[in-house]
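The structure's right below; bear with me while I get my questions together.
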Amino acid sequence: MSYKELKRQAFEANMELQTRNLVVYTFGNVSQIDRDKGVIAIKPSGVSYDKLQPEDLVIVDLENNIVEGKMRPSSDTKTHTHLYRHFENIGGVTHTHSTYATAWAQAKTGIPCLGTTHADFVYGEIPCTAEMTAEQITRDYEEETGVQITDCYKDKDYEAAPMVLVAGHAPFTWGVDAAKSVYHAVLLEEIAKMSYLTRTLAPQGTVLSQAIADKHYYRKHGKNAYYGQN
Amino acid sequence: MSYKELKRQAFEANMELQTRNLVVYTFGNVSQIDRDKGVIAIKPSGVSYDKLQPEDLVIVDLENNIVEGKMRPSSDTKTHTHLYRHFENIGGVTHTHSTYATAWAQAKTGIPCLGTTHADFVYGEIPCTAEMTAEQITRDYEEETGVQITDCYKDKDYEAAPMVLVAGHAPFTWGVDAAKSVYHAVLLEEIAKMSYLTRTLAPQGTVLSQAIADKHYYRKHGKNAYYGQN
Amino acid sequence: MSYKELKRQAFEANMELQTRNLVVYTFGNVSQIDRDKGVIAIKPSGVSYDKLQPEDLVIVDLENNIVEGKMRPSSDTKTHTHLYRHFENIGGVTHTHSTYATAWAQAKTGIPCLGTTHADFVYGEIPCTAEMTAEQITRDYEEETGVQITDCYKDKDYEAAPMVLVAGHAPFTWGVDAAKSVYHAVLLEEIAKMSYLTRTLAPQGTVLSQAIADKHYYRKHGKNAYYGQN
Amino acid sequence: MSYKELKRQAFEANMELQTRNLVVYTFGNVSQIDRDKGVIAIKPSGVSYDKLQPEDLVIVDLENNIVEGKMRPSSDTKTHTHLYRHFENIGGVTHTHSTYATAWAQAKTGIPCLGTTHADFVYGEIPCTAEMTAEQITRDYEEETGVQITDCYKDKDYEAAPMVLVAGHAPFTWGVDAAKSVYHAVLLEEIAKMSYLTRTLAPQGTVLSQAIADKHYYRKHGKNAYYGQN
């Protein structure tokens, strides 16, 4: 894929954040990787969606060197590249401060599986990372944000739970490409809202049974899936 | 009614789900029945509303055989046909994951009648089904979702309470045709939101008196109704 | 004022309910009075806003006789005329089931004055009526809804608190004309939302001091007002 | 800067309040100062945004004398000029009754720093003033509202926390110009909403660690900032 095409796809995914009402002002950023070339296209730092152009996207390699582009890449770039280095099957990463997902992240708690809307897209809890320690902050903050996330997946399948809450911060989501990572950001916000409502309505409520959660997840994922047209 | 006309009416009702902001992406599905022909038109599985065309709807008989259509019908088809077989006066069925109604379903509790907005359209509580057992799941999941619902109506009038919450899942609604089932889905979401707000504002609040509930329901339904122009 | 002009003004006010997102489907109704002629123009019963035309409004006298119009007037007509007969300075009445105001009505509690947004427009609590008794319901329900409201104002100034919550039902608002009654319905919904948020955030919170409430109310109302251009 | 240009900039900022859905009807007002001339341009009192024109803005000096303009300036003018006199680096002031920020003001509590969205823009808590005393009200109410605010900043940096909640009332925000003060009003409303959700979801939740708060604030502010393109 040419850099131009990679930037175009990442650009479209970034603009989708605004269309889906997940961002205000310059909040949020999306990237997409070309695994063959070992580079990503990512949103420039602090540029508003109304002014963003495809050619503004910055091409960065996985060691965070700028390969092409006149603008400074997103300040969260090192978190993105950390995820691409550790989650080898992902093709796109999205970061937002979407309202309900961020509220859960600020509550420093994962989102339990309370219903089939969640189970349709995520296997098990949507995890919340541990809080970053003061010592981690003194190192490389954005890199360490990536470490917070990948530490969370030591015993968890990143493809089955393609979204995470960074404690005290906000969500990151990923997918096979940039568009799919945005799709997961939209789903996360909707699941976070439903779960907020369920928890405030019935604070002692029980989670979905594992049997139903399995049924819903596997009717959409894996070799026995029967949802959709493929 | 021709298959073409049946599909057109079911298509319009499906599109209304998006117009009314009850769905994201491919969530939700609406069907309509032709009782004379013994077939329904239903949304194909996993197709987004932006791309849906009237001719994409699938004609299925009440034993879930595809009669006409190139696409796979909604994965919830067996729930729809179960409802048509058991609720003989209904002409349309809608399934959504609308936010507030789903929050109640995830809380696994019916919506008590807290006010006249509810009483105007539904007689008594909006029921929530029992949770599906692990044993039921091993059988035919979507058929058993229908069983969950009809079990709920053994001692309850499905025409007087044309909406139900499936525990841990989401709502189903029905009506004399597809359009009316969507109308009930919209009303349910509004009632679910009002009821959520009432319950979180006044957790110990009392329900509406039966006398007022009766008055409101019967001013819109039955032979002594005097609301509207008919 | 001609019936035609009276209907036009009432029509515009009815349409404003939809523009301001206070209604779904056929919910809600607005009327306006011509005190000289002793008649009101009111929305017909059960007609959707998308189809409503100025000539559909019904002219009714204060004893609820239809004076002009082909359609049946709103089923709440007797509540409107009751208010016009008892609150002699009002020129318009609005009834909605707007979401947050209805939630408070369903909680069967008045809205205390929690801030200056409330104090700017309403002097003191926004009252909630007593619940209607079973005996009242057996009489004339819509007339008795008016009685519930006017009973609430025996020791309260209806011009200083031009909005009320009918317990278990929903709000009524009024003003010098139909447009002003809709204006009060919009303000009520916003105040109800803010108050809901305040109460759920700080359930033990205190109300606004009477001194500030007085200051805000009287900077907009009465002979010493200094807000606005008049 | 000419009065005309000053009014144009203040006008644009006032209109942005409506575009960003922070106001209903005539709520809210924005001003901008020309420090060289010692005057501000401010919204006229009680004029709706739909009718507001750039030439309607009123030019007022810092002792609240009208210098140019046919209309009465905002009833909150003395609060604005008080802020300009005490906070010497600010160029614009915004007052709204935005829903979530007002709910916190009505709860009479500052917004603790619960996450990095807050830390990105505000250093430390968003303060809530003390309640105005009855004695203060008898003096000059709008001037005293300014006193409430500046009293809050005796030991607090007004540039690092450019937004405040006036107890029982609503927020004021400021910035280097009118546009920036509106920008802060938008951010405040979003932070207030996220914080409301976090607090109602996890009432006992802990605030963000000071180390992360520092990191986020200083990655956007001060000489070591590295966010954005400058």
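Chains here go by letter, A, B, C and D, matching the order in which they are written, and residues are numbered from 1 within each.
Going forward, a contact is a pair of C-beta atoms (placed from the backbone, for glycine too) under 8 Å apart; a residue touches a chain by one contact, two chains touch by 3 or more.
Since the model is a prediction, treat every value here as computed from it, not as a measurement.
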For chain C placed onto chain D, the superposition rotation in degrees, Cα atoms, nearest 5: 90
Fraction-based call for chain D against chain A, same above half, different below: different
Distance from the mean Cα position of chain D to that of chain A, given in whole angstrom: 33
Inter-chain centre distance, chain B versus chain D - centres from mean C-alpha coordinates, in Å: 46
Shared-contact residues (touching 2 or more other chains) in chain B: 200
Contacting residues of chain C [partner chain D, same complex]: 114-117, 183, 186-187, 190, 193-195, 197-198, 200-202, 205-206, 208-209, 211-212, 215, 219, 226-229
For the chain A and chain D complex, residues of the former touching the latter: 24-27, 44-47, 71-72, 75, 97, 99-100, 102-109, 131-132, 134, 137, 141, 168-170, 196, 199-200
